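Note that chain A is present in both complexes that follow, paired respectively with chain B and with chain C.
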Partner chain A sequence: MSTTSTSIFSRPANWIWALCGVLALTFPFYETDPAYQQIGVYTLIFVACATSWNMFSGYSGYVNLGAAVSYGTGAYTLSIIAVHTHPNNLPGSASEFWLIPLAGLAAMVVAVPIGLIALRVRRHTFVVITIAIFFTFQLIAINASFTGGTGGLSLPYIPWAASYFDVPFYYLALAMSIFAIILSALVRRSRFGLQLLAIRDDEDRAMGLGVEVGKVKLTGYVMSAFTIGMAGGLFALLQGQIYPQFVFDPLFDISIALMCFFGGFGTLVGPVLGAAVLESSQQYLTVQYSNGSLYLILFGGLFLFVILFMPQGIVVFIRQKAKQRSDQQIAAAAAAGSNA
Partner chain B sequence: MSAMLEVRGIARAFGGVKALNGVDLTVERGSITGLIGPNGSGKTTLFNVITGYVTPDSGTVSFEGVDITRSKPNQVFALGIGRTFQLTRIFGRLSVLENMLVATQRKESWLRGLTRGMSSSDELESAMEWLKFVGLDGKSHLEAGALSYGQRKLLELAYVLVANPDVIMLDEPAGGVNLTLINEIGEKIQALNEQGKTFLVVEHNMEFVMKICHTVTVMHQGTDLTSGPPAQVRSNPAVLDAYLGGGDDDEEEVVA
Partner chain C sequence: MVHALIDGVLTGSVYALMATGLTLIFGVMEIINVAQGIFVILGAYLSYYLQLHFGIDLFAGLLITIPTMFVVGIVVQRLFLARLKGPEKTAMSILVTYAISLVIEGILNIAFTVNNVQLNTSYTNKSFQVFGVYIPYIYFMGFLLAIVLLSGLYYMLYRTRFGASIRASLADQSAAALVGIDVKKVSTICFGIGIAVTAAGGMVFGATNAFNASTSYDLISRLLTIIVLGGMGSLAGALVAGIAMVTLEDLVGAIWSPVWSTMAFFVVLVVVLSFRPQGLFGQQSARAA
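Now for the complex of A and B:
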């Protein structure tokens, strides 16, 4: 037992993970203000989405700027079912939460044909195709009758007291984030993850070494849609009302991509860090100063700093610095040994 | 010896340029076959056709009697044909060891990759053995992008070998590397050939080709000019004329 404990906590990174876990688990107990609890929910929704997005885009190098299709599909799937099962807008209940995995599955199903089309092309063309598909879905949501058009859809209200309304949402978003992080870590350590990374570095070469690139890319793309779709469903339940422009939002795609690039594109921790810092500070500034645009000025400065001094993201920057330091220590020790 | 890889009448044009114009090539089991010719004669295009990177306009490629003419690169690799590239293509942001592991799943379905770890202990052991064979075992945890050009050549050779292919196609293995390393690569190819591996080698270094190859095929303007033992090919006037631009020049000039 002692050996295991030593190996797990011998790395500083594991202590940081453990500390973050404890803080996240106890957050609703030490922060009881519903406004700040909601910031926690939104932050965790973005942690889950950014981690899941990075699991495909970060590992494979295919930058998907149409992830809001999965988010919106999840939100609308859950909303449409919830509305139809409560025809007279009767109060909802916790039973709606069981629809969340269904929202994720719907996003996966929709991702299959999109992936089959978009993944035929690479790099910039892929990015453009995903944006085009995203706008197609947004147009459908705005114009179709089953989505409620621009009027959106009102979900059955959940009759919980305001003082603890956000708490179940918080823990669901936390569970979703943990799920996304574990899945991303498992993928990174699997043969499948290695194949995604090989595709990122040289897709044609990977194919020549037996990697079935088409199937691997599609699987990654569809897997990534699951958590994002669930997050969309949770968002719909939390809001109680959804509109096309909020769930099929181009800023959603840009946000999660920036969160990943900010924290460390293609790393496990980067998206978590990026989402935690950017989403929570954005929400905090909005709540604290009642100014919805203030964060844009601050983020502009922050991104400029990161792009100039840490172009590969914070996590990669820290790792490189740590490695440099360790190499210097090894070199110094070797020099001292040879002098002696 | 029996034919392992057979190319018959392969033609491929890129726009108005006929890169390949009815090429025939036979690679015998257990041989080291050299493929030589001037720049632009179609050697690398032929490699690309055999390995599924380029689809031919006409002609057939068969491996162990199976038609692989329009097979995809991953299918060709799974059947047992591994190749290296003229300009080395490694996975620069993966570690040297991870580069090796990418190639170890030659006959494994993509679905299996979802349910298993990055490597088994056997695969790790095999990867390390081949890295040791090429002298890169001490650099297994380095990022592959940090390797020198010569080391990249060796890594590419190693990760093709770890998949245990039946035919190994090397595109200019001696290109851009120093003389010591050229000799080292040549020795490794011969050692593997003695263990039963079949090689098809594209190379401009005639000394290298003449030293290690059992058979040499000469390509010129998208066709195969002649085939035969190195000594016979070397003295063929048509080869001298095509390859060197004519004349019965001093043998030293044959070394490109």
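Now for the complex of A and C:
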């Protein structure tokens, strides 16, 4: 990735970012159907989560299949506080929104001991441990009394008209996505990001070169939990009711990973693209056909296709094709020049 | 207590069989087959289908389902997994097998609906008495089946020439290739064997539990825990950890509460890995990527 451009708009990629930003900002104005606005909210929640997941797993190569631990922790933290304090009675409406960063912080706090245990082992085993820890959390949420068990928790009612109910959620999710993208970009360009990438390429060598691998991995893991926890909190507010099997959902874990691999594992744009395409199409298919099984087949099939024919994800695939083409053009031009 | 112990050993041996398939696949190919859970369910549904439509007995049906699953395994390996290469191979294999598992789950949901089913025969609900404990016949027959298949597998691995080449590939792929072993062929057949055992495991699982396609999530999380605990790629580890974990789970369920019995599984995993990151029988502390 070359980052030597002098002006922000000298590269076409930046124009695409700007265009997407404008489209995303104005989305609730040109799409006023609440059903589709809700698709927008869900898509952005997944953009934020996938970007944040990729910031650790994509850069370091440690595939975390327990991202729902952070998501569920955020959702439950916010819900439990909201149920016990009823902040609607405080001055200002919808003051639960101030609990969202708290949900993120709670997810970070929970991520520290998990990281300390799970990051002791190398990649393959790490994947399996994250799955095991995920199921432990799901089990606690289902069986403990403070989580409301299988009945879940109902949040205080947010008194907004249905016509603009989703709009504040939309902008919050958008803000979260932008935050995640900027954070991921900053990490990628920092010394810390280089250390994560070095771990991905060769952990032993990175350690030999003086990277404090344990500290770097833990920091990355905990950082990525923050946005995912906030997204979980936002999801709880949007739903108004949470159940253990929906916030601690194995499909959430794998969807996030699929989105990143689909778009481009370890790239900045990949997770954004993957989440935008996959989540919006899933929501759209659910609204249109409400056939979950058909979706599973399509999703799985599409993913198999991408991973077998574009194993590094769509973004890298397009970049390579573009590079091949420009190389061919240069070669053709050189050949034409030497003939003349 | 005694009941939990006996039950744990009987059920545990079936888990050990399924986990052996999984660990064999990882050991030889460095592929984590997340689809193992759905293959177990697929095997159970095959038995269910044969019994429902052709009246074939569950155990006799294995003569059809085991070879079928072996072929399914080989096709999956040839079509998808053989293409995976490079440093991210293992991570990619998780995602590819997960995608395969999603596709199969969708197909099973459409073909058999999401309603729970259970395999039934005339002898499923009958039981006999040992040490004052009633044991259903099906648990005991499942146990015998698992023992027979595991012995067969171990005989093949330790007493035949082909078994030696599998063990050589388990130990070191490039060295095995250097001494003239066709690692590609060994990998394909190993994957087939690893999937074939799920036909038997699935039949016993389906006869002792009600299941639908989404039961596979629960299964795969247990199987993965077992092979990580035993040490990934270790055959003895899968056997010991499989029996030990299920027994422990049943004991916790009997003494404390069935609600938390699954939790015991994961707590043990976390504790063991904190002290032995390579698992109980794992030999290498870190496999190079």
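Operating definition for what follows: the second predicted complex is superposed on the first by the 318 of 340 C-alpha atoms of A that agree within 3 Å, B and C clash if a C-alpha of one lies under 4 Å from a C-alpha of the other, contacts with A are read in each partner's own complex, and residues count from 1 in each chain.
Keep this in mind: contacts are C-beta pairs under 8 Å (C-beta built on N, C-alpha and C of every residue); 3 or more make two chains touch, one makes a residue touch a chain.
Remember, predicted model here, so these are calculated numbers, not experimental data.
In the superposition on chain A, A:Arg189 contacts chain B only, with no contact to chain C. When the two complexes are superposed, the chain touching more residues of chain A, out of chain B and chain C, is C. Contacts of A:Leu197 after superposition: chain B is touched, whereas chain C is not reached. When the two structures are aligned on the shared chain, A:Val211 is found in touch with chain B, with no touch to chain C.
In the superposition on chain A, A:Asn143 makes contact with chain C only, while chain B stays out of contact range.
Residues 204 of chain A contact both chain B in one complex and chain C in the other. The residues of chain C lying in touch with chain A in their complex are 26, 30, 32, 80, 83-84, 86, 88, 90-92, 94-96, 98-103, 105-107, 109-110, 217, 221, 224-225, 227-228, 232, 259-260, 262-263, 265-267, 269-270, 273-274, 277-279, 286-287, 289. Touching chain C in their complex are the following residues of chain A: 61, 63, 65, 117, 120-125, 127-129, 131-133, 135-136, 139-140, 143, 204, 250, 254, 257-258, 261, 265, 292-297, 299-301, 303-304, 307-308, 311.
Residues 189-195, 197-198, 200-202, 204-213, 215-216, 219 of chain A touch chain B in their complex.
By the touch criterion stated above, chain B contacts chain A in their complex at residues 51-53, 72-74, 76-78, 82-83, 85, 89-94, 98, 101-103, 105-110, 112-119, 159-160, 163.
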